[in-house]
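Read through the structure below, which is laid out as structure tokens, and then see the notes.
Lettered A, B, C, D, E and F in written order, each chain numbered from 1.
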Amino acid sequence: MTKPKFEPAHHILSGETADVYFVRTQEILRKEGLADTVVTMEVFPEREGILCGMNEVLDLLATVLPETGEVWALPEGEPMSAKEVVLRITAPYSSFGLYETAMLGILAHESGWATAARRCVEAAGDIPVISFGARHVHPDVSARMEYAAIVGGCITCATTAAAKLAGKSPAGTIPHAMILIFGDTVKATEAFDRHMPPELPRIALVDTFKDEAEESLRVAKALGRKLWGVRLDTPPERGRVTPDLVKEVRARLDQAGYDYVKIFVSGGVTPERIRQFAEAGAPVDGYGIGSAISSASPIDFTADLKVVAGKPVAKRGRIPGITPNPRLKKVELRRQS
Amino acid sequence: MTKPKFEPAHHILSGETADVYFVRTQEILRKEGLADTVVTMEVFPEREGILCGMNEVLDLLATVLPETGEVWALPEGEPMSAKEVVLRITAPYSSFGLYETAMLGILAHESGWATAARRCVEAAGDIPVISFGARHVHPDVSARMEYAAIVGGCITCATTAAAKLAGKSPAGTIPHAMILIFGDTVKATEAFDRHMPPELPRIALVDTFKDEAEESLRVAKALGRKLWGVRLDTPPERGRVTPDLVKEVRARLDQAGYDYVKIFVSGGVTPERIRQFAEAGAPVDGYGIGSAISSASPIDFTADLKVVAGKPVAKRGRIPGITPNPRLKKVELRRQS
Amino acid sequence: MTKPKFEPAHHILSGETADVYFVRTQEILRKEGLADTVVTMEVFPEREGILCGMNEVLDLLATVLPETGEVWALPEGEPMSAKEVVLRITAPYSSFGLYETAMLGILAHESGWATAARRCVEAAGDIPVISFGARHVHPDVSARMEYAAIVGGCITCATTAAAKLAGKSPAGTIPHAMILIFGDTVKATEAFDRHMPPELPRIALVDTFKDEAEESLRVAKALGRKLWGVRLDTPPERGRVTPDLVKEVRARLDQAGYDYVKIFVSGGVTPERIRQFAEAGAPVDGYGIGSAISSASPIDFTADLKVVAGKPVAKRGRIPGITPNPRLKKVELRRQS
Amino acid sequence: MTKPKFEPAHHILSGETADVYFVRTQEILRKEGLADTVVTMEVFPEREGILCGMNEVLDLLATVLPETGEVWALPEGEPMSAKEVVLRITAPYSSFGLYETAMLGILAHESGWATAARRCVEAAGDIPVISFGARHVHPDVSARMEYAAIVGGCITCATTAAAKLAGKSPAGTIPHAMILIFGDTVKATEAFDRHMPPELPRIALVDTFKDEAEESLRVAKALGRKLWGVRLDTPPERGRVTPDLVKEVRARLDQAGYDYVKIFVSGGVTPERIRQFAEAGAPVDGYGIGSAISSASPIDFTADLKVVAGKPVAKRGRIPGITPNPRLKKVELRRQS
Amino acid sequence: MTKPKFEPAHHILSGETADVYFVRTQEILRKEGLADTVVTMEVFPEREGILCGMNEVLDLLATVLPETGEVWALPEGEPMSAKEVVLRITAPYSSFGLYETAMLGILAHESGWATAARRCVEAAGDIPVISFGARHVHPDVSARMEYAAIVGGCITCATTAAAKLAGKSPAGTIPHAMILIFGDTVKATEAFDRHMPPELPRIALVDTFKDEAEESLRVAKALGRKLWGVRLDTPPERGRVTPDLVKEVRARLDQAGYDYVKIFVSGGVTPERIRQFAEAGAPVDGYGIGSAISSASPIDFTADLKVVAGKPVAKRGRIPGITPNPRLKKVELRRQS
Amino acid sequence: MTKPKFEPAHHILSGETADVYFVRTQEILRKEGLADTVVTMEVFPEREGILCGMNEVLDLLATVLPETGEVWALPEGEPMSAKEVVLRITAPYSSFGLYETAMLGILAHESGWATAARRCVEAAGDIPVISFGARHVHPDVSARMEYAAIVGGCITCATTAAAKLAGKSPAGTIPHAMILIFGDTVKATEAFDRHMPPELPRIALVDTFKDEAEESLRVAKALGRKLWGVRLDTPPERGRVTPDLVKEVRARLDQAGYDYVKIFVSGGVTPERIRQFAEAGAPVDGYGIGSAISSASPIDFTADLKVVAGKPVAKRGRIPGITPNPRLKKVELRRQS
């Protein structure tokens, strides 16, 4: 994945989305002549996971820190332990104190998604996983969610914006809505085949009108060698996709000579269910995952001042001074040209 | 709360944040001459909760639907049951099909937060609750999160952007960082008092350097009648705020003549802990809540086509045709002038 | 239900299926001159349930007891408590001691089945339940099992022998095997309709080749008013029959004008699942129940001598003498003519 | 164990105990000219266990299949996995379709018992186990139950009919009833000794009137070297037989010079309790097991048509065609001469 | 129960059994001229229970406090809530500070036992309970334990010292050791009858050599009307006393004309088992309870200084000053004459 | 630890604290001429643990047994299994039968405490543990409790009497009461330092008025090199001592140059919490343990006569005669000179 460039939004730089007490603190410190006190802040997560959002935070710091500011960080996508320091900033407090809310929020939300994606990807082993969950998050962050899913190990995602951010092609099949408008799965798939560029893989969604096994054979017969795969997305009212269903569809496709047609599974897929598919030996060729990634809770991050004007400090409950962490690397910020 | 106006973002209207298969579907249907098929779509949540995001969705529909389009909806902030239809749209598919991802994501994320806020507010009864969790979500949605928290019952929130959206004043005390820079809680609180407008309440954060009971008495003595309250935010390393701590601080303040000083509790507050405070009779005057609201999972929503060209349809597992729900009201969309 | 006549089998009367120590006991007592000691035996179950097998036991006693023998019993089909005496016999030990094994076995096995049937019937309330479980028990007792199921409340059963025993008509639909031989559900159902007497209800089995909803509509269309009902028997590999499936099939049948077609549910049905159907409001018209009745464990019964030659006795752990039970009635045995 | 010959009962051959829809299917297929379609049926269990009843099923098939019929099977007494095919029949459907209910019932009931017996025998290790549970099943199947227990590993059983079927001698001690008639355990045991052939082992039941330890010493003194063993069958009201009781009786017998007297344990014995005896080092010489074997649930078996007229088929949820299982052996049926 | 007089032991008055830091504190305060500071100390339990040991504490305070000392207390045997103040002392610290360890220990240990006794007595309802647990505690406190058991509601106890303390007659039957020396229960009971004063009730222990039912009848026959009762104390190796055993012994005694003989139950009796006896309707006439009372954990008590030299104080975590408790009564100490 | 001498109390030797039936038994046996029957008694615990109290029991036996008496025992402080014989006495019954209650009580109570102490000491590994629980037990046994704690592995205890018994110096810091009287932790610690002999370690209790970290630095500054350590005893209302608190206090002390000051932890310490401190790597230098040792339940012991007049006997449930145990050693009693 290429390293995307994150442009800090105006609502961040203006402090509008900062907790208001940081806004007030800037003013008070300035009036008290303390605004330029050089401080060291450390940031750590509450629980273990996959670090994500660091690139966006560093691009924000590149915008606001003076040349004298120094930053140490763990790289995007790294595993992190509970309470491990992942970011350390030494700079005048006035240059970055206002952005504490934004920095923590970016790390919290994106690490939450990346960590959930990693759990799915680990469960799936060699089988590719695609993020399909944009519909569970606000569209203002859906690209960030899908980007984080890819940092966590998904091979791609479903929205154009996110795919662009991560340097991927977006993936998708055919929605139920289109099949319902056509009134027949085969007709809808044939229309897709007629109008879409040949490099897009033809993946038929086979649970809309008929039993999945029957429908799979119908589309396979209709599209022949042009059919790349079928997507099983059985609704909960019909018992979701089961390992036995995958095995049976595979067997019926093979018996009819369509052994090249792949089987893609979606619908309430979780790491636990992925493991059940694996244990049962179900021949899945790919997973589409929605809320198991997109509905993941954020991972809380905390920021602590640990040095003020050269003196180790800490609030009660924390240890004053810099926390040693050999994994942290000094960062060369990508300054705005 | 006044009803805010939500301006649909370009990345939504452009389809960039739509699942790519909806983009492709629009093209295919157009080429097949089916784009203007009039359809009815219904939207329902997977589990019960407080509906939020509907205002934003309706403002989006007001932008995209033709005059002939018809919409029925449940109002913002209403409780909804699992699988209850909360939105029904009848219009040409091409006018709104592309926005399914965005509409579902708005409802999912905001309803998740509003529902979590409601749980906190219900537990707190008459005691006011403020949303403090912007630091756990991406700044691009933090205003939406705090808006949803207020829809769920919080009296206000901590960021300027969100407060503006909800027509409130943002609330805040003093961050640990400022106290650490001053090196003393009393000095920091006095500086706040010197420089902030008199209408802002003086609330001292009392766990930074000393035991909370001792520090409360020190700031009370220093600010006298100007002190509105103290905030207890004891870190987990010191056992969090407990009911006994609140009772003791209250007793020591009262014994010293500061019975007018209020006690505000924050730090890992959850509905369960609020109930423990209530059962123990702890005299709390307000709660600040972070991740119990902001880290809530989205509530998944599903959209189904139920009528196509006047004919009841449904995918397997759903019942064809319109689902009766007497709670739905026909909506007069706020068209763009 | 008419009261059937049970003819004791030769292997019972001969003692071949008695525990061998009873055979030996008869010989020893005879040689010691004690064979004709008059004794009172009491029989009680280990746990509560529905008493079944008593009619068969009484017909056995009618065959073997002398005129002087006296019998008190609870009637067939009555609920019984744990340890409640359900049968009391006073007669020369030699006349019936040999049949202890047989009598206990008849009561144990049949009461186990009747009790399980009652649990299903109670869960189903007004909805009729049919016993379909002959395939889980040895054919030498399958008629007894189905008879017991009817004593427990089933309206009928699937085998001719059992139905005859209970004075009912056997019930059945169409086996998967026949549909597989015809290769199509509609063709098989039409053949059934062609050759079976008109008084047999036409019930189509609709899960063999296609999705149940689709197949239901096909057979309804083919048979029209002649179709009495459909049977949903979805295999576990397809998620079993769910409440949502029943509702959807009902809705689709109704929307197409087949509101007279009944829905019959089978496949792993248990009292617990019946309650889930009821709670979900699924419009089921009948249940077919297999192993939830036929695989029920027997209810252990114990026989104790309580009076020997007029003297109250009991083995350690039991109370000597007759156990008062006002529910017991003196029985007029149906002597062989 | 010699291989017994099972004569198919009239009620099986006549179809009376078949599910009635199989009877009707025969008639319909005949009228449609499809009765002689050659099919392949496969039979598999729902859960793992010990296969039993196969000999009886094969004897049934030997009676009904034409010369052209072919059968593959797993042998009686083999362990089988869940869903493993244990029987495959290729023949005209009309020759055996009617017997599906009977074949499945035989396998289900007998495999249930054999599997339960195997659990007991495995727990007991080198200590012999005898089946004593005829009193918990209907006398029409008690011989089958005990036969299955022996297939599962019991060394013998208690009824004459079953022992004959399995080529064993039936085992038994003295019933409580006989001791109660004699009024004294020693007198009853002496009478047994007087009248029974010398080759029958003298095993005294020692819990009827007195504490087991005391009674054991009394009968040991009375019978001297002729006493083979004592049976401990303590009722639940007296705490059942415990490991400590066995140890104490052993110690008291040994201290009094009766170290040759064996200790046989019965009464609610289960695999779990057997393991407790073993862990506690209780010197048990044999177990008598009733309901832990005889009250075992049947193991459901399913029969599927997998080939019809040479074409692989399967109902929804199953994979068409023959299921490979290298453990299956082609069977030479024992045709009726 | 008369109010016993507790004489403070030398090891208490000397401070030998005080935590040594109290000894040192006395010296330091004296040298600093602070020894006679008047303080108020409050004492409260960690959990709810029955207060016991207060009489002993008050007798200690009567010995050490000056005339000016004032004491408020809850009375012996009262129920107390968790954290409820049960004792308040206002006096010069030097007069009683040294005895904090002793006072807390007395209350902790005795309240623990009294509370456990109360649980048993409540479970038993109208049936009398006797404390039999001296053998589980050190003889230096066994009288205190039994005294506390009586405060908790036992009607008497088994040791002379404790009975004297509580103004009761000690209760006892016959130990197993004596029966073993006599070699026969009847002989031992007859010897007891011969040599013990007629006012002592004759209670036979009936589980030593024979089954309890048999032995009960033997002693009843031997002693006739002189037998007051039998004690069932079945060892765990024989399944403990069960409700069924009590019922059977009762029935056999009644059938033999000994309906006046009472049944006393002991051996591992707990409140839970008492409730099981009651639910089963077992006709128990008395319970002997050992470790369910004597092995109870102490209830921790804490002592806090709340006023020092007229000023409300408290350590962190407690509320300064006197805790209102209207249940406390001013105590008139029984001064040593 | 030197072996202390235990003087049997008058209330033991007189039989006052014996269960009264032993007193009566002595009289009856004497009158029947059986008092001098030589018997063997064995004593065993109900559950595994650390044996304690044996020295005291042997000193009692040394006082009462005649020269001919023989005793085998396991040594004080040894681990013992459930039901393992730990003591065997052969002597005339009249010489020791009366002391069964006392002997069992001594072993039960002391072994209970020693076993609980061992669990703490094992959890603590190399970190020393001190018994601080005298306040939870009656002062008449507090020395025995603390002695048992030392037998179980504690390095010393808090009361003078117990320390003397075990040949140790008692340990203690400064009570909260003294600090409250001084009104300041530093002043109280300085007074301690002024008046106590220099060999007593100065350990400041640092949770009375201020946060522990702040107070630790204040006393360290005041006493300098004379400060041996600080004791953290945070009350439950402030969250108890946590691993993080220990780490922070350690870090703050080290940063300020007080790395020689040790950290001692008390307050609700249990084996489980000790393990949590160890797993978290908290640098604890010593634990003070109260109720986790002192509130331990006694371990029930049982005494059985196993030989009477040379004949193996046992009550029902036990095995007659001597129980082999190669770990038992013949004891040379320390006769009174």
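Operating definition for what follows: a contact is a pair of C-beta atoms (placed from the backbone, for glycine too) under 8 Å apart; a residue touches a chain by one contact, two chains touch by 3 or more.
None of these values were measured; they are calculated from a predicted model.
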*Which chains does subunit C share as contact partners with subunit D?*
A, E
*Which one of the chains is farthest from subunit D, going by Cα centres?*
B
*Count the touching C-beta pairs: is E-F or B-E ahead?*
E-F
_Taking each chain's centre as the mean of its C-alpha atoms, which one ends up farthest from the centre of subunit A?_
E
_Numbering shared by both copies at the subunit D-subunit A contact, with half separating same from different_ = different
*Inter-chain centre distance, subunit B versus subunit F - centres from mean C-alpha coordinates, in Å*: 57
*Rounded Å distance between subunit A and subunit F, as computed from the means of their C-alpha atoms*: 58
*Please list all residues of subunit E that touch 2 or more other chains.*
209-211, 234, 236-238, 244-245, 248, 314, 316-318
*asked:* For this structure, enumerate the chain pairs that meet the touch criterion.
replied: A-B, A-C, A-D, A-F, B-C, B-E, B-F, C-D, C-E, D-E, D-F, E-F
*Footprint of subunit A on subunit F - complex, ascending*: 211, 213, 244-245, 247-248, 251-252, 255
_subunit A residues touching subunit C - in the complex, by the definition given at the top_ = 209-211, 214, 234, 236-240, 242, 244-245, 248
*Which residues of subunit C touch subunit E in the complex?*
312, 314, 316-321
*Can you name the residues of subunit D that touch subunit C in the complex?*
9, 11-12, 15-25, 27-29, 31-32, 34, 37, 39, 41, 53, 93, 97, 100-102, 104-106, 108-110, 112, 132, 134-144, 158-164, 170-183, 191-192, 194-196, 200, 207-210, 234-238, 290-291, 294-298, 300-301, 303-305, 308, 313-318
